[in-house]
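Input: structures, listed below.
Two complexes, one shared chain (subunit A), two partners (subunit B, subunit C).
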Partner chain A sequence: MTLKRRRQLAGVVFALPAIALVVGFIGIPIGQAIYYSFTQWNGLTSTWIGTSTWTQAFHNTNLWTALRNNGLLLLSVPFALAIPLCIAVLLHQRVAGWRIFRSIYFLPTAISWVVLGLVAERFFAYQGTLNSIIHALGFSHVSTNMLGYESEALIALGITFVFTMIGTNTMLFLTGLATLDPSLEEAARIDGAGRWRIFRSITLPHLRRFIQLAFVMTVIALFSALFSLIFVMTGGGPGYATTTMEFLIYETGFNQGDFGTAALYGLILFVITGIVGVVQLRLIGSNE
Partner chain B sequence: MTTLMPPKRQRKIGRWILFGSMMVVAVIMLYPFWIMIITSLKSESQFLSGGGFSWLSWSTLTSVIPIGQEVLSSTIVCSSSILIILCVGLPAGFAFSKLRFRMSTVVFLVIVSAMMVPLQAILMPEFVNVTKLGLTGGYFGAILVYAALGTPFSVFLFSTYFRGVPDELIEAGIVDGLGYFGVTWRLIVPIAVPAIATVTVLQFIQIWDDLLVGLLFIQNTSERPITVGLAVLSAGRTTSIPALMAGSIVSAVPAMVVYLGFQRYLVKGLTMGIDR
Partner chain C sequence: MAEITFDGVTKIFGDDIRAVDELSLHVDDGEFMVLVGPSGCGKTTALRMLAGLEDITSGSLSIGGTVVNNVLPKDRDVAMVFQNYALYPHMTVAQNMGFALKIRGQSKAEVAKKVGEAAAILRLTEYLDRRPKALSGGQRQRVAMGRAIVRSPQAFLMDEPLSNLDAQLRVEMRLEIARIQRLLGVATVYVTHDQIEAMTMGDRVAVMRGGRLQQCDTPQDLYDHPRNEFVAGFMGSPPMNLLRVGLEANADGIALVLGSQRLDVPTSYCSSHDLPTVDGPGVVFGIRPEDVEVLDASSSDSIMTRVERREALGAEILVHLSLVDAEGDNAVIVNDSGAFVARPTRLVAKMGPRSGVAVGDQIQVRLNREHFHFFDADSGLSLRRNQ
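Up next is the complex of A and B:
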């Protein structure tokens, strides 16, 4: 056997376990999800019913509620980017003790969203921190209970989501700022440019790729990482007010036992994240 | 007003404003820890009435939450999954960057794009498959699912990392009669220590903190990981909140220690691919 052949053979052998794991646990289930979305399925037996699962699903108001909730939560994305950007710029000034501040800011990123959800529940609760703050500000007759009302629970979830994303996004932006050549800013300052002008004309364009990456990661988290927060904070309620696509999949499959419809909802989620992924690839491609 | 001040003093005021805003952010980011600590230091009645201090929720913690068992479960699931992710991802990353075979680029792209598939999208078939294989009885189902979900990223990270390894090094090892397994074990693994650390730290935090897989793929309640145990107790709404907060602290400590100790590996992993 030639050396080249042997090297290729070794390559195949080395890659095989990873291929098997990914195909077996990710690839095959995607195919199955497509098949089962055309069936009536309870996990044990499935009967082919063609496209009627699809027409039923699209007439189901829960699906539209979940999609609307995800859509509304997208409004929190600008905050999940702008706040970390400000924090990163603050840290980048490198005042005394900035390393300690950096560690503190990143610390919540280490803990589970289950735990952060528990804390957020305490924050928004009737006897929680939010009401204490409101009362301390002198509005003693005002009391909120955001998680208890259909109109406000989603806002509370969005605020919690922004908080949970702060650490990761700040980290990304700070890394981006660290790669910025300080002599550029210096030159601009000598030319008489103000702080805001330097930020807009030098810092922001430099951070473009980092902002794009943070944007994509935030949107993907919004569609696929809220499960823990919803599970502990609201259980999807009140009603369906905080049920997003991923929670609807869980709810439909495991609480209602309708595996076929849940598989179909999974496919919809798959298409949505796929679109976000393609957008990301195109963004990266356009930069190179 | 500011124009009347000498520039030195102006700069000093600017510094204080900067420092003040950083303190405000610090208070907000530390809020979860503060609330966990003070709430855990109250008995249930003190918690409801607002005042007071008690060790009760800590001294009775093990009777409210099977915390030792849960931490053990988390540790078993975490370490086994990470071991598989490393053993599968490192050779594959090496193969895709240095031992290319026919179609290897296409296969690589397919594996990497699997990173974008959220578990929820394939949750139903995954659950039924793993259940039919009889793997939800112990830890194996969850371990394999975590391993499969973590593999695409680790393949991507290792292959990017190994791209910088000179081909001559591998050839020299082969000429010396090490064989490809020998080259991998003796030459590649030692080079890859920083990449191994990055994968380990990222996956540890991901798996330790995860709810969904542990909730569905570990059917035995006595084998529940800690994050799942906390979430289920909280959803039940009958457990005392001070005890839940004490449990939360226990679950948060290992991840925080790893996080603070290996911060730079984490940053490296997160920004992989864009800060070359």
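Up next is the complex of A and C:
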């Protein structure tokens, strides 16, 4: 056997365990989901019903509502990036007490999203903190009940989501800022740049890759990690106002016992996140 | 274009770290001033205060006659070349060089013209569209220079700009920087720890140590007439031999006590130097390696030494010599380790490449009587009068 051949063989042998894991834990479940999407499955027995699940699903308004909710929640992503960016830049200036602020901003990251959801639920509730603050400010005739109205519940969820992402993204941007050579900023100061110009022309271009990474992580979290917040805060309601694809899968499978349709929704979410992932990878890959 | 004046400038970091202590220095318009000294001597801090990157604790600093203590870096009209070049990695060479002009609101055509002119001077024209990471170390260094000269500033500040280059490139760029500085005639403050750079580039050289200015003179004056032991030991490679010796009266005047040997001091030194009395604490005697000459035969003004080590450098040989007594034992020379600078007990001599000396040889050497140096044994200051 030639050396080249032996090396190739060694490569295959070393890759085998990883391939087995990917096939076993990702490939097979996806295959099963595809299969179950053509069946009526109550969790125990499945009956092949062909494409009728597919045609019914696409006529289900709840699916379109969930997709729309996911789309609307994407509007929170710029806030989940811009706010941490501002905080990170301020902390990087070593403002008085920056160490304490850094801990405070990172704290939400260390707390379970269930707890954060409970806190947010108490914050937005009719007799919650938000109304107390409004009343304390002297607007006693004004009261909100964001979680109680279809038109506002999604906004409350979006705000909570932004809050939960602040810690992680702030840390990410602080890490990025720490890798910025301070002499670049000094050179720019001598070149005549003011603070804003330095931020725009030196800091922001340097942070580009960190911002892209934060964007990817935030979008992934938005599609696949909101379940606990929704479950605790609104249970998907009022109506379907805060039901996302992820929550709809749970609803359909475990509340309605329709695992066939749930499997189909899972496939749709998989395809959407796949497309988003590819677009994001292209975006990052385009940077040299 | 302008002159620069440090007037009693002090920088204290934290509560008590005096990085720069009462620095007073004047740089003329168009002059190339080199700040040199070992690590931590305060030279970079002095430069950063001049750039406006560090606050001044006390004293006054002026550029072109205007006190700039509280003027922002962007309003000082100085350009700086950093040790690591500090090129903006996401900008092309042309953008890097034109950044300052763009900020000042100059038109695109004007920026392109000035960048083109600077690139021509620095032979960078073909690299204008490249990013810094696609350039060699020498090219990056030239871009950093280009960024400075394109602005036609009042002064250039350079912080060890050659220290990241290999030896050959450093020699090339040394000449290049000196050429450009003469061409533009802008006052330049250049910081380095390399005394060869200091000697070859500076119109004047300011030697610093422990935050204090030790001496500021032309390179040759600095070499020929160091004001203290530190400057004598710092400038020159290898440095000046410094031996602590006693003095003794003899028939003609005084002699240096080198173990059991005696070396007559020419009487002219008694009038040109404030030599201590013969029964005093002695002096630090200095002699440059090139002023130690090997003799074939014994003479009245020679001393006996033994070759301890031999370093062949190609063009010359450095020979480390120890003084010997009449019996051939090594002579005892006072070596006080707590002194102003560490003083070796050996002499280093520069010899021609064909010198046949070998380790262990006992040889007679003559010390050039024209170039003796004497320093106070306690303060380290030169004993020469009329400095």
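Keep this in mind: the second predicted complex is superposed on the first by the 261 of 288 C-alpha atoms of A that agree within 3 Å, B and C clash if a C-alpha of one lies under 4 Å from a C-alpha of the other, contacts with A are read in each partner's own complex, and residues count from 1 in each chain.
As a working rule, a residue touches a chain if its C-beta (ideal position, glycine included) is under 8 Å from a C-beta of that chain, and two chains touch if they have at least 3 such contacts.
Because the structure is a prediction, the values reported are computed rather than measured.
Colleague: Superpose on subunit A as described above, then tell me if subunit B and subunit C fit or clash.
Modeller: fit
Colleague: Once the structures are superposed on A, label A:Ser140 by its partner contacts, choosing first (subunit B), second (subunit C), both or neither.
Modeller: neither
Colleague: Going by the contact rule set out at the top, does A:Ala193 touch subunit B (first), subunit C (second), both, or neither?
Modeller: Second partner only, subunit C.
Colleague: Under the stated touch criterion, which partner chain does A:Phe227 make contact with: subunit B (first), subunit C (second), both, or neither?
Modeller: first
Colleague: Taking the superposition as given, does A:Arg122 touch the first partner, subunit B, the second, subunit C, both, or neither?
Modeller: The first partner, subunit B, only.
Colleague: Tell me which partner touches more residues of subunit A in the superposed arrangement, subunit B or subunit C.
Modeller: If we count touched residues of subunit A for both partners, the winner is B.
Colleague: Is A:Gly24 in contact with subunit B, with subunit C, with both, or with neither (first, second, both, neither)?
Modeller: first
Colleague: Considering only the touch criterion stated at the top, classify A:Gln32 as touching first (subunit B), second (subunit C), both, or neither.
Modeller: Touch status of A:Gln32: first partner only.
Colleague: For A:Thr47, select first, second, both or neither according to whether it touches subunit B, subunit C, the two together, or no partner.
Modeller: neither
Colleague: In the superposed model, how near does subunit B get to subunit C, counting Cα atoms only, in Å?
Modeller: Here the least C-alpha separation of subunit B and subunit C stands at 7 Å.
Colleague: Going by the contact definition given at the top, which residues of subunit A touch subunit B in one complex and subunit C in the other?
Modeller: none
Colleague: Where on subunit C does subunit A make contact in their complex?
Modeller: For subunit C paired with subunit A, touching residues are 51-53, 72-74, 76, 78-80, 82, 84, 86, 88-90, 99-100, 103-104, 147, 151.
Colleague: In the complex, go through subunit A and note every residue touching subunit B.
Modeller: Within the complex, subunit A contacts subunit B at residues 3, 6-15, 17-19, 21-22, 24-30, 32-33, 36, 41, 43, 87, 90-91, 93, 95-96, 98, 101, 103-119, 121-123, 127, 129, 163, 166-168, 171-172, 175-176, 179, 209-210, 213, 220, 223-224, 227-228, 231-232, 235, 245-246, 249-250, 253-254, 259, 262-263, 266-267, 269-270, 273-274, 276-277.
Colleague: Where on subunit A is subunit C touching in the complex?
Modeller: Against subunit C, subunit A makes touches at 181, 183-184, 186-194, 197, 201-202, 205-206, 208.
Colleague: Report the residues of subunit B in contact with subunit A in the complex, numbered from low to high.
Modeller: By the definition above, subunit B touches subunit A via 15, 18-19, 21-22, 25-26, 28-33, 35-36, 39, 48, 50, 84, 87-89, 91-92, 94-96, 98-102, 104, 107, 110-111, 113-114, 116-129, 131, 144-145, 147-149, 151-152, 155, 174, 180, 184, 205, 208-212, 216, 227, 230-231, 234-235, 241, 244-245, 248, 251-252, 255-256, 258-260, 263, 266-267, 270-271, 274-275.
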